[in-house]
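In what comes next, subunit A is part of two complexes: it sits with subunit B in the first one and with subunit C in the second one.
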Partner chain A sequence: MTETETETETGTPGPGPGSGSGPGADTGAGAGRSGVSWRARVGRRLGSRGAAFWYFVGPFLAGLVMFTYVPVAWSAFLSFFDARNTVTPAAEDFVGFANFASMLTDANFLRSLWTFTLFAAIIVPVTFAASLGLALAVNRVRVARAFFRSVFFLPFACSYVLASLVWKMSIFTGVHYGLVNTVLGWFGVGPIAWLNGNDPPWFWLVIATLRLWIQCGFYMILFIAALQQIPEHLYEAAYVDGAKPGRQTFWHITLPGLRATSVAVLMLVLIQAYQAFDEFWNLLPNSGNVPYGRTPLVYLFHTSLGTVQDLGRGSAGALILALLIALVTLFQGKVLGFGKPEGR
Partner chain B sequence: MVAAGVKGRRRPVGYRPGAGSAASRAANLVGLSLLAAVFLVPFYLIVRNALATTEEITAPGWMWFPSSPAWSNVAELFNDPKVPMGRSLWNSAVVGVLTTVGTLFLCSTAGYGLARISHRHANKIFYAILATLMVPSAITFVPSFVLVSSLGWVSDLRGLIIPPLFNGFVAFLCRQYFLSFPRELEEAARVDGLGYWGAFWRIVMPNSKGFMAAMAVITFVTSWNAFLWPLVIGRSPDSWTVQVALSTFLTSQSINLPQLFTAAAVAILPLVFVFLFLQRYLVQGVAQTGLKG
Partner chain C sequence: MVASGKGKGFGGSFSGPVLGRRGVFALGGLSAGAGVLSACGGNTGRGEADGDGPVLSQWYHEYGEAGTQQAALDYAAAYPDARVGVEWIPGDYDAALSSGLLAEDEAPDCFESHLNRGMVEAGQLEPLDDLVADVIDDIPESDLARNTLDGTVYGIRMIDDPQYIVYRPSMFEAAGIAGPPETFDELVDMAVELDSGEVKGIDFGEASGADRLGQHMIHSLGLSFIGADRQAGFDDARMAEGAGSVRRLSESGALLLGAPTAWWDPSSMLQGLTAMSWTGLWTMPALLEGLGDDIGIFPCPGFAGGAPTVFNGGWSAFVNANGPNVEAAKAFTKWLWVDHEEFILDWCLSYGFHIPSRLSLRAQADELTSGPAAEAVAIADEFGWAEDPDWTPAMNTAVNDMMSNIVIEGADPEEELAAAVATVNDELDGIFG
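Showing the complex of A and B:
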């Protein structure tokens, strides 16, 4: 860190001729500096490689430190304090690990982790299978391939808020004029209150179909890109070897060829699911603050930015969640062999 | 020997993903068409409800399309004092454009510096950027709120625009892209007397339009559709983005259905244009995004 600072100083022109650089830092470039004007020296320094590096990278780095590293450090600091409605707690508010203990024994927080687990168990395999299936079908079709790709990708333009609006107010409306209830009505089934309560938990159907609709096309694009990387001669060789088309070539050529992409898609879907917030907030009653469908982020939002802004417990919860994501990602990466090259 | 025999024949049917018997191809086409119709249903519902009256939407039988489209819904939406729709659209546009321009500027220069200007700290900085990708951005909303509120940027567009500018992911993608940029072009520029800055703006950027467009489209779509951060920052209606306005509208007690869907149609319109005209770049950007995993 001190090294970085020294370098930054030598890279930026100082206020006066003498104070711009420390005597040690500039020995290489500053030979014969006494006779050269300030302007010429600044000009030369701006043209040098070290200076160029800093005016390319410096602004971004400063912002990254300011808006990512500082907040994370500050939050870690707050997690050890009783920081209700304040971001600068006094020394006597130090509570040690009490916030972590409180979050880890908080039935609501633990239940939100369970809600997430349930959500992931539904959405991860379904999204994976659906996007792979779409990619295979679109890649196989010979007419209007670009049209199909566009149609399946178009929902990605919609925000979760917008989709929640359509799902809640038109498709899965709990009264007779909702689309699904209308269709059910044609078969003599009475209207179902999709989003009202946990018994039976119909809301999972609403939430899962919504996320599937938005995400599937995105992952389909990734799979199509990967499918086109599989060399055609492998299929020809399989033909020569007498492999049966369809199932055999799928399991022995297509799927192994998609391994790296499959792993990436599984991890992306899971990480996205961890951060689910928008649709739960907008679909469920009371801004998602209901025990049966409260995701970790919704709970953290209500904890740290609700009526009581408990930033200490909120920060502790955020750190626990971040740690959990890191562990699961590492574990999944180990199991699935993330980062290995495409192919067998 | 065998391979030579295959070469002369027709392509082996059914082995490539694009092949199959005529019947199975037809089934594939029909299935895809049905699915495509299902995928378009939500868009149809937005248009149908936006142009209908409340009575038509809630009528006992299903109405396929309003017999006389109620275009007046649009005027009513913008004249409704309870919903700051015009203001929130403007906020989203300002935030989207400034975020995109700023992100591209900061991330492309940083990416170029890390890829092309050798420096003893370059690797350390690169790993510092990579580390931020491991921290899911949504998890940092509590600490970021703490910082932004101490800067006094709550309910202020600065709080919406500035923190997302320093996007480690875009910087990472830019670095990877510039690593594979042909060095000969830059060397020619250096021979012509351009410094790093001149070479970057006059030679490298003009030759990277496709990549930059892909990054721009992805950044703009993400910014336009963001909800959690604008919700955290937008405490007063003056600073709502269009997503926050939609959400408030949706979760409020009294709901005017046609107006709600008109608002949805207005909110999606800019992105439909982006998708129609810039889809090539978007697909390219998505494919690039996926490379990271």
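Showing the complex of A and C:
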């Protein structure tokens, strides 16, 4: 969008575009005038479109470079060294690909990769279905729409740490007076230690419900926005052609109309599942350092990036994880067609 | 780092991740400390201009016992030769420290921690031989050994925190149990006997003991983490047998699981949720206050014919070799943790109970000469073991995983032992190879 276009759009109540401080501006309506003159002034001071671009993008780019790209590059550098308790290893500590070989033959690391794959396999489809279902339901509601949207969106503002403590210390407390165990007690079911042990693995229920509670509202909002983009006339045309509201229109109009959003949602949920750390750390025994429920990040933290700074192996593990996320995301994008024009 | 190599549990204090009243205070302390640190950056802080000597930063993990933070601040304020800022670090202290030591100007000058080879080889620790030279015969042998690497002393033991099992004698009596168990298998039988549903047999923490009993087993059987040949020192078939006993306990249903508080907090005992619980000396004042005479203690019973064991947790004081004021930091550390015996006694006895790491001071500690506290000191002396500076969290995780796979998931003990030994040997080869 060019500068002139911007001014034309917002300047409608006032006089013609580009004349911000001209005589017309003096006679213009208050709000409109100030809008025009402000934008015109800023535009002039910035000089050109190129400069404006850098004004806006610069700070974010600097942050991205400093806090993402430099650490990633540094981590890649460290991954080729035997770097214990140092971020500037000496040249003789160069070990080539030994750290990668060590991580890829580490049964625990491989098991943790399997754990998060299992976690993603549970959480991605359930989040998708639940947030789409919520969006469809909330979108149909005729009264108190804003209320329902806010109610389901609110948990997104809660931190995983805080929610973990609520889940652990009140809802899913393992002793008989925990909330869920109290309810089960009414039906004569003995107290269940939700977060201890792996037989049966009840902890997945706790972790999955927590994550759904936090993130479904957010994806619901994305779906609601997308639902409102689907032109009403498509439905009307379908009804004219004899389609019945419900399953038929959902499969043939609603779902295809949501394709771009669906792909984005799936991708975001998947990446977030890979990065799981907080709730595993806070909910599982021994700060998540249990072989049956250990995510890759928890494993790396405990063995090389936390107390002990084996930064070479830790970096190698982190890069393997990053590569895996990139590959799976690219594969998913390929299969689902991310970035392609929306097929209508 | 051994047994429970994390900040909150390791040294013993019932501090935790919950940000309560103390946590808020801790944050206050943190920001106050940050102020001191920023003053410290240029090494020409206001202190020097005033003739007060240099500015030092001292780090502690967040002790849970009320009054400890104020005590630390008071000690620092009483030091005449430097201005000492105290940083009280909540949460994962070990991780905060290890990254803090890599920082250029926000690193602590003196701090509490546990000795490990990585820190020494990275040149982060200042040798402290000259600080302890005068009192070296007064320091218990195991406390000297755990702070010595290749003949150099790097740390000064501040407190010893023995870990053991506490029980309710009244519940033993009601169940017709004569006294503490001699072997781990007896302990399992007793736990089953004591389990009434509402009151469980024993609280071994949320990981069913898998996060510490492997390490105890190694010492119970007279083995070692790392042998003289710098290979895993616990490749012994009796380990598999011992792990089987822990598996039996886990399967029995007598464990208290899902308690709202962790093992280092005495609440599960105080609330009557369990008849026995793993704990440490720091909970003794709270237990005496809450349960009066109705507590007794015993060491972790022996496994597979081995001896009872007590892990002597606790903390040691260190000096950052890369700090701007190493000599001043050494002088302060000597002043506080070697010379100032009244502060050492105050730190050990006025809040939670800890054993002073000085033989002469132990005799003066009235609180530790009677009742269960005296018993704790006795079993710590007789059965105590200390961590090994060459033992890393990766090795500790290998032993914990072995136990977890056997105890929680019923994996084959011999295969798991072989896997743990292989992991530890790989790690050792990486360090010494």
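Keep this in mind: the second predicted complex is superposed on the first by the 274 of 344 C-alpha atoms of A that agree within 3 Å, B and C clash if a C-alpha of one lies under 4 Å from a C-alpha of the other, contacts with A are read in each partner's own complex, and residues count from 1 in each chain.
Following the convention adopted for this analysis, a contact is a pair of C-beta atoms (placed from the backbone, for glycine too) under 8 Å apart; a residue touches a chain by one contact, two chains touch by 3 or more.
All values derive from a computational prediction rather than experimental measurement.
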| item | value |
| --- | --- |
| Partner chain(s) touched by A:169 [first = subunit B, second = subunit C, both, neither] | both |
| Touching partner for A:178 - first (subunit B), second (subunit C), both, neither | second |
| First, second, both or neither for A:307, with subunit B first and subunit C second | second |
| Touching partner for A:87 - first (subunit B), second (subunit C), both, neither | both |
| Subunit B versus subunit C as contact partner of A:60, first or second or both or neither | first |
| First, second, both or neither for A:198, with subunit B first and subunit C second | second |
| Partner chain(s) touched by A:108 [first = subunit B, second = subunit C, both, neither] | second |
| Comparing the two partners subunit B and subunit C, which touches a greater set of residues in subunit A | B |
| First, second, both or neither for A:282, with subunit B first and subunit C second | both |
| Touching partner for A:218 - first (subunit B), second (subunit C), both, neither | first |
| Contact residues common to both interfaces of subunit A (with subunit B and with subunit C) | 87, 161, 165, 168-169, 175-176, 282, 287, 301, 304 |
| Parts of subunit C lying in touch with subunit A, wherever the complex brings them together | 1, 4-7, 17-18, 92, 94-95, 98-99, 101-102, 116, 118-119, 121-122, 124, 197-198, 205-208, 210-211, 250, 256-260, 273, 392-394, 397, 400-401, 404-405, 408-410, 419, 423, 426, 430 |
| Residues of subunit A that touch subunit B when the two form their complex | 3-4, 7, 47, 49-50, 52-53, 55-57, 59-61, 63-64, 66-72, 74-75, 78, 87-88, 134, 136-143, 147-171, 175-177, 179, 182, 213, 217-218, 221-222, 225, 227, 232, 235-236, 238-240, 245-246, 249, 254, 260-261, 263-265, 267-268, 271, 274-275, 277-278, 281-282, 287, 297, 300-301, 304-305, 311, 314-315, 318, 321-322, 325-326, 329, 338 |
| Interfacial residue positions of subunit A with respect to subunit C in the complex | 82, 84-87, 102, 107-108, 161, 165, 168-169, 172-176, 178, 190-199, 282, 285-287, 289-292, 301-304, 306-310 |
| Of subunit B, residues touching subunit A in the complex | 2-3, 6, 11-20, 25, 28-29, 31-32, 35-36, 39-43, 45-46, 49, 57-60, 62, 106-107, 109-110, 112-114, 117-119, 121-122, 125, 128-129, 132, 134-147, 149-150, 162-163, 165-166, 168, 171, 195-197, 200, 221, 224-228, 231-232, 243, 246-247, 250-251, 255, 257, 260-261, 264, 267-268, 271-272, 274-275, 279, 282-283, 286-287, 290, 292-293 |
